[in-house]
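Since the structure comes first, as structure tokens, the remarks are kept for the end.
Each chain gets a letter, A, B, C, D and E, in the order it is written, and its residues are counted from 1.
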């Protein structure tokens, strides 16, 4: 597999070349990422999929400047990830909800808005809009520990969306949601993406989700974490949930599943 | 819907009648559960499915004596949940991993064994066996914060299995896992269940998972949380992954999806 | 009026009645002085206060003043209102101590902070080491009260005639059960409460003049206290900000103090001074001062009284 | 630079001009920069890191001492108020015997024993208070009361009860260290969150197991907080207690008597020993803390 | 099938209401302490009383008399609770609060420098902790010296501080308060450094993704998560502050305040007076600590952190 520029000649948002990352632990080094080459263009929706522990989160964290690579180069919006972070280039949804327990749900969602200095009314308006989007209206004044796991995760999604970043980095945002909400949010996300032309980098462990959402799917495999396959998704940008029954969809899903299976050592 | 005893005339493990639970919050009462009637027989595999926030976790916590109902009755193994807990009647997998940061993964898995007074060798042996089961061998001496989200969740599953309880209460145990691992663990769990005749109460938000694993599926709906449907699964106890392509499977899945959709208010 | 700050050696009590009387009766005012009296305490080293410039004149015992002088703080005695020493060593009779030689093998409690010097000189004279051996004595630093004697933690303790001695009596131990050694009788007396200033300040005639007026008024205060001991004690009580002193004790204290200030106009008796220096120089292995001090006294003030 | 400054000062004592102080200011800025430089260093080897971690406070301290020396000499501060570091140093060198005996009396006896007893009892009472809700509500307020007893009030009483020697000082230390330990342990024992409790609950873990396997580890950061605060409190307590009656040995005794004798250099030599001993003690506790609470974010990150 | 009633509340005894609050247990514990105190008073005061009997030629006095006498000595080793209570009553309720013999007056004096010192100390402690957490230079160079500063016996330098401050014209409340500050800033610094570093990595990462300024991270994340640590340290700090104020009252010439009272009692061997000053000081401290506890409850409640 070699790095592929996006099909459309759009401006490149993320450029990764020969990237590697090794954690030093008390127990010897862990090679979390090795020799990653990847370009992501503006407006793309790229999913990372791969076995648990293969480095998806780590790669996303490198893009977000939360982890420093030990080798290779990476640029975000033509800048170093550090500069990009300072320029507030992206919104990040963590694998865990990471809500602050001393803030109500509404206050948690308003957090980035406060930090970025939006006016009070603006904050209130955006919080309202995004809470509705993730179907949490009515829970504004509850504290995180009074919410179910799925509700917490939705709150954290609303928080990342609230300040409307051009680049969305999402780490298994829908992991704790049931199929229906998930479908609903998948559609919402797709709509949002189509409407606003955001670039999305999305970690998931659901094959249908990856295929349904993405323009490209990056399959990673573990020990050391590296790219096993990059699959261009030929489905039209404008898709409904029913596309999942088409042969085209199943074909892509099959290829993803093959790639995923290769990363595992189960003999089933 | 009325309470249904298990098909086989087996001993009843969980009996719930007219159960309700209301949380008092600073912001008014939340009716998490209302009027729940449910019997679960020995050796059953029952899944709870339902929209996020409908009370699945709460119901599981009531069974585990982690939450006291505000109305109705419940018995576990013919005892009150409290006595059942003291008799260590069940193993519980939490929605969050809840590993202790000062213990290595192996030590975390050994925790219940220590508490229940198993010998050192026994502990070591069971830790080894269960870490292998969830595919974590090699990470014995890592600390929780050095593991990916999915790996943490697998560790917490191994921890619950380690002391071999007759009743397993699992709250979205496979939520953070990719499809392949999930399939693998689904099969392992099913094998374990078939072999050991455990009773399993399983919360999930994946319809195929619920249908694949369960003998019965309980569909909950929210506000207030109540039982919408209880579906007997006619699939044979002995199933392979390929059963998911059968018409029977899809029929059950369809019924579950219908129930699930009814609990949501999306107009799609 | 000229501002003068006086630093006392100890807390407000009858021991300093003369100064409080002078202030209260307006004697200082009459001399055109505005005097602030700063009480001392267990950890106030008046010498430090003087050196730091927070006081103009201090009440101190001669041993610690001379020691400070040798350490490089040039304090000078300008007047000596206390003509006699009030220092005693008080023992319980049951310990079998009848004469100073019986101290051998016993435990003696003393104050430190410069107040241990007279005792050290005495012990040196008696030839008793302070190492706690059977041939010597065990020295303990005692707090500010007589409990160690009452609790039998020490066989003897230092006590002032005007204060601690009466506390022992008040505690219910009759005189008949005590053996009292007077430092003056034992020939190891040192001069107590004197007035000291920094040497170079005396070069300033205006300051000398202030001090003349100050000492004159103070001595007048002492005289008044001798004539009206009860009133003097009341004045002290009034000035005691802690409100902890009792009338009975203070009245008795002023009477005892009066015995020490009797018959002096404040001029330092050089014979007593020589005796003090001699005692301090004979402090055994660690003499208080190592050489005869020079210029430690001045008559610049008392000459003009 | 420092040498030049010191040279200037000894050449012209008490003749500090504006220029001189400007000079001192420059020296201060340089000190800051050099420390900045040092803390920027991140050597690879653990030994190197250890050395840098030691060198920085030392460098800082040396500059503090130089400044102190300059200030004392430059302002012509009376020796009986504040001696110069050089004098203190000379005194340290000339009286190791006395200082060692004081150290043994005060630190090795009163402080260590009092610290162990005080922290130990604070810990045990915290466990008790935590276990018995009745005591938590009844004893905790009283515990606050007892431990807030001011040492200078307690010290004479302890002398009265336990005699002149170190036991009375240890008793004062016990009283002083008890409260911080109690408060912190009680807070720490409540630090575990709900899901961690639930986990132990599902195992029907008994009280002792929950305590040993979850609540105590969770409480460790708080307990070490108390151990650290107490390590310095204990020393202060023992020294101050010696102001109120003691055999004629001990750091507190030395400090209080030598002030009266105007041997202020000796006072500061004792203080220096106390500071060094206290800092090392604190450092030791910190080291143990890092080992025990390696998992806490404040240590991990 | 068992009833949900197995989640029963504990049976209601007539005392249940009394014992479940704070008042009941405190009263019981206090009663126990007073009982032990009386016993100790008898035991500790007996030797001296026996000496008195011996002197008076009284042999084998009845036990009742011995007990009565040991509990009414004028200067006992350990005064009996009622003696202390009587003294406290006399020096609080029966004296006008402006009188120098009123313990209320002396408490006021001590309290004012305690509070001033505590406020400055807490402020300083928090400021230092913030500096240490944010600056490597401060962390590495200052922290060890902050620690060393606490190993300096304050009583030894207190007189010098006060002399120096007096010499440069600072008198009155401030010098005493500075000793309180000196003692109280340290627990706050240590606790806050720990607290400010307590946020989980993921919580800090979240702030990083917003490229939030240091001040924002401090204000919105570090400070809130440091709150439990802050209050625990403030409780220790306020007690230390009171000790500091009392210690500071000695070298200021022991003019007024509980410390002066304690010392004066000590000079004249008036144990009853020492103990009443001690008790008042302790009550004061307990009051301050519980005031902070109350603030803690309110603040944490409003922050949604008290469950």
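The rule is short, and it goes like this: a contact is a pair of C-beta atoms (placed from the backbone, for glycine too) under 8 Å apart; a residue touches a chain by one contact, two chains touch by 3 or more.
Composition by chain, UniProt nomenclature: A, B = ABC transporter ATP-binding protein; D, E = ABC transporter permease.
Remember, predicted model here, so these are calculated numbers, not experimental data.
A.B. asks: Chains in contact with chain B and with chain E: which ones?
C.D. replies: A, D
A.B. asks: Give me the fewest steps it takes to get from chain A to chain D if each step has to go to a chain it touches.
C.D. replies: 2
A.B. asks: What chain pair has the highest count of contacting C-beta pairs?
C.D. replies: Result of the pairwise contact count: D-E comes out on top.
A.B. asks: Return the distance between the CA-based centres of chain A and chain B, expressed in whole Å.
C.D. replies: One centre to the other, that is 28 Å.
A.B. asks: Rounded to a whole Å, what is the gap between the Cα centroids of chain B and chain C?
C.D. replies: Centres of chain B and chain C (C-alpha means) sit 86 Å apart.
A.B. asks: Cα centroid separation between chain C and chain E, in whole Å?
C.D. replies: Distance between chain centres: 36 Å.
A.B. asks: On chain C, where are the residues touching two or more other chains?
C.D. replies: 42-43, 45, 48, 52, 143, 145, 147, 151
A.B. asks: Quick check: what residues of chain D touch more than one other chain, meaning two or more?
C.D. replies: In chain D, the residues touching two or more other chains are 81, 156, 160, 194, 243-244, 256, 259, 296, 300.
A.B. asks: Of all residues in chain E, which are in touch with two or more distinct other chains?
C.D. replies: Each of 77, 155, 159-160, 163-164, 200-201, 250, 263, 266, 307 in chain E touches at least two other chains.
A.B. asks: Applying the document's contact rule, which stretches of chain A touch chain B when the two form their complex?
C.D. replies: Residue positions touching the partner: 23, 25, 27, 30, 49-53, 57, 95-96, 141-142, 146-151, 154, 172, 175-184, 187, 205-207, 241, 257, 260-261, 263-264, 266, 268.
A.B. asks: Once bound in the complex, which stretches of chain D touch chain E?
C.D. replies: That would be residues 32, 35-36, 38-40, 53, 56-57, 59-61, 64, 81-82, 134-139, 141-142, 144-154, 156-157, 160-161, 179-180, 183-184, 187, 191, 194, 221-222, 225, 228-229, 232-233, 235-236, 239-240, 243-244, 251-252, 255-256, 259, 267, 271, 274-279, 281-283, 296-298, 300-301 of chain D.
A.B. asks: Per the contact definition, I'd like the list of chain E residues that touch chain D in the complex.
C.D. replies: The contact residues of chain E facing chain D are 19, 21-22, 24-30, 33, 44, 77, 136-137, 139-145, 147-157, 159-160, 163-164, 186-187, 190-191, 194, 197-201, 204, 228-229, 232-233, 235-236, 239-240, 242-243, 246-247, 250, 258-259, 262-263, 266, 271, 274, 277-278, 281-286, 288-290, 307.
A.B. asks: Which residues, counting only chain A, touch chain E once they are in their complex?
C.D. replies: Residues in contact with chain E: 61, 64-66, 85-88, 90-92, 94, 96, 98, 100-104, 111-112, 114-116, 143, 145, 163.
A.B. asks: Mind pulling up the chain E residues that touch chain A in the complex?
C.D. replies: Those residues of chain E that touch chain A are 200, 202-203, 205-213, 216, 220-221, 224-225, 227, 303-305, 307.
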